[in-house]
Amino acid sequence: MTETVERETGRVEAFSDGVFAIAITLLVLEFKVPHRSAAPNDAALWASLAQLWPSFVAFTGSFIAILIMWISHHGLFRMVHRVDTPFLYVNGFMLLMVTFVPFPTAVLAEYLGHPGERAAAAFYCGTFVLVSTTYQLWWWTACRRRLLKTNVPPEHIARIWKSYRFGFVVYVAAALLAFWHAALGLGLCLSLWFYWALLSRRTEA
Amino acid sequence: MTETVERETGRVEAFSDGVFAIAITLLVLEFKVPHRSAAPNDAALWASLAQLWPSFVAFTGSFIAILIMWISHHGLFRMVHRVDTPFLYVNGFMLLMVTFVPFPTAVLAEYLGHPGERAAAAFYCGTFVLVSTTYQLWWWTACRRRLLKTNVPPEHIARIWKSYRFGFVVYVAAALLAFWHAALGLGLCLSLWFYWALLSRRTEA
Amino acid sequence: MTETVERETGRVEAFSDGVFAIAITLLVLEFKVPHRSAAPNDAALWASLAQLWPSFVAFTGSFIAILIMWISHHGLFRMVHRVDTPFLYVNGFMLLMVTFVPFPTAVLAEYLGHPGERAAAAFYCGTFVLVSTTYQLWWWTACRRRLLKTNVPPEHIARIWKSYRFGFVVYVAAALLAFWHAALGLGLCLSLWFYWALLSRRTEA
Amino acid sequence: MTETVERETGRVEAFSDGVFAIAITLLVLEFKVPHRSAAPNDAALWASLAQLWPSFVAFTGSFIAILIMWISHHGLFRMVHRVDTPFLYVNGFMLLMVTFVPFPTAVLAEYLGHPGERAAAAFYCGTFVLVSTTYQLWWWTACRRRLLKTNVPPEHIARIWKSYRFGFVVYVAAALLAFWHAALGLGLCLSLWFYWALLSRRTEA
């Protein structure tokens, strides 16, 4: 019986990992090869590649974001003992947001540094507000439906809640800030991601 | 011997999961980034993003549909004891339909809210008539070739047949309805998906 | 020690399965959504979708071809006891051809039923001549480097060789035939695939 | 406890394999189907396909490169005993470079044989300088954080360092050479890859 449950968890993790891996790899499709007519020599091609800086920013940012989401999902699943069907739907809803990330990334890559960049940046940050919401829903379902292992300490559960609330508030602030200044909003998102990456270094190493 | 069979099942499940995961993630490619010339400022970009509502509808609908298919495949495979080559082909035929879903989704996203939307909606619903057919063929093959575990109760098998026949009839009705009114046909499909998602909550939780 | 070897085989199989799953799912990207300007009403959209028949033919054919390749790879790997680095490269070379299949498929979808279809069909069939060659190289390497399980009977090995030689000859004939008549060459390829699918039903069921 | 660690390694490997498999399969999207207007008959289509030779070169080169990276990752992971969170980020940074490869590949396919090819070739080779850097960072982290199995001999660790330094120097030389002559820089990269493939045959067979 325990074995069956284990295997079930394994298949959900494998499917989720597949979705994370594909979403993170599709980000590269957002780069557009400069047309030959626009880059008729070496210098012009270098200049065209340099003009793609918004694509590099958007690609790197979204890559780090999805990587953090994957590592977080990875860590959360270590605490999950079994899955049931409602949890599969909530997990699927979270994956819906993960697979959506390449679109706001492409919008940001197109508009950053051009008129409309504030709308693009707010749309981008706003997407992560929804991502954060689905992660909270995921965790709420896991706790509520008693899917966690019994040896997970309550203070650990509380710390995760706190971390999610913090992330949610920062994303909302970033989205609002982006309405006024695109780079500031994006910078706040990126700061959060670097903070999380560095924090994990301390707490889990 | 048993071990070999187990592992075989595992590899088919892994391959199928891969196809489901990729098909569900490719759906996002259907979103088209608004051209910079069409959105020269923040307000125009918000308006352009809002005009993508058919893409959001089609993306969300198809995501839920493929997710339900995956969860259903997941549940069915728990009853499968072993696989043989004909079953691999039937499973492959079912995956053919799964990988096809992004195309009618993209057609729907292009035509919803424009002339031609009834054809697009009927094509979309009609695709799920075929999907439903392949699931019935899958189940028929599993039953007929005695691939199921011996402890699966007959009433459970009968309930699955009933559920598939019900789905098939609803999809046919949705496709016919869409010829007359696009939103009604689509609404019927979406209702079915929400019904299945809620139903599973009751029966398996 | 045995465990390590088993796990190695597992990882190569998982990577190969991933490539097969992605290549088979990317085939759908070859479908082009008809432009709204070309299909201003329901009847025009149905007509536009019907004009995509070469895409449906190419998609279905290539899907079946990759599915057969996957099932074949699946069956061959059941006989493999261990892998070494040269074998990884040969397996990779075979995957190179698998990932290439979506391109001739897209060419065929574009040109079938138009001038140039003979070149497109010959290019398509010719691709499978190379695919067949890489499968023979794969099998040759597995036999030559003694990677097979010791309990594989010699007559089984001989039967696989015979089957590959037969496939190779048919693909060459199909490619040559396509230079003269596109549909005949393609028909020969499709016949081979249906023959293999039906044959496997008899021998392994 | 040991079991948990093993499984952790397994999930990171599976995620990484997924990313490698997807990146290597997306390379085919770089091939552009010739427009029907540009190829109005069989001879013109053959000529158009022949003009895609830069795509074939770029596709084959990048496929071999990612395959070598995967096999290398595969070999390195056999020495890894456990993973921690900082290592997950370093591994993710390496995957960032892997998923980026399809873009310089597409740039190379577009410009090889045209003005601007030196910039495209230098950009392509330069990407592998960064790839090589992330592999060195990966190995450094694994060594430094004591994630390796205790039975890995020091001379083996030293040989891997030497091999990475060698690759790094060759990539830098190739990138510099490409500024002056595109084909020479690319040829140096390809030579390195064939050398590695043949070398592995000797050392591990």
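The chains carry the letters A, B, C and D, assigned in the order they are written, with residues numbered from 1 in each.
The rule we apply is simple: a contact is a pair of C-beta atoms (placed from the backbone, for glycine too) under 8 Å apart; a residue touches a chain by one contact, two chains touch by 3 or more.
Everything quoted here is computed from the prediction, not taken from an experiment.
**Q** From subunit D, which chain is the farthest off, judged by mean CA positions?
**A** For subunit D, the chain whose C-alpha mean is farthest off is B.
**Q** For the two copies subunit A and subunit B, what is the rotation angle that overlays their Cα atoms, in steps of 5 degrees?
**A** With C-alpha atoms aligned, the rotation comes to 90 degrees.
**Q** Same or different interface residues for subunit B and subunit C, judged by whether over half of the residue numbers are used by both?
**A** Under half of the interface numbering overlaps between copies: different.
**Q** Where the CA atoms of subunit A average out and where those of subunit D average out, how many Å apart are those spots?
**A** For subunit A versus subunit D, the centre distance works out to 25 Å.
**Q** Would you give the residues of subunit D that are in contact with at least 2 other chains, written as numbers and ranges?
**A** As it turns out, subunit D has residues touching two or more other chains at 14, 18, 22, 26, 29.
**Q** Return all touching chain pairs.
**A** Per the contact definition above, the touching pairs are A-B, A-D, B-C, C-D.
**Q** Going by the contact rule at the top, pick out the subunit B residues touching subunit C in the complex.
**A** For subunit B paired with subunit C, touching residues are 4, 11, 14-15, 18-19, 22-23, 26, 29, 84-86, 88-89, 92, 95-96, 99-100, 102-103, 106-107, 110-111, 114-116, 118-120, 123, 145.
**Q** Quick one: which bits of subunit D touch subunit C in the complex? Just the residue numbers, please.
**A** Those residues of subunit D that touch subunit C are 13-14, 17-18, 20-22, 24-29, 31, 33-34, 36, 39-46, 49, 59-60, 63-64, 67, 70-71, 74, 78, 197, 200-201, 204-205.
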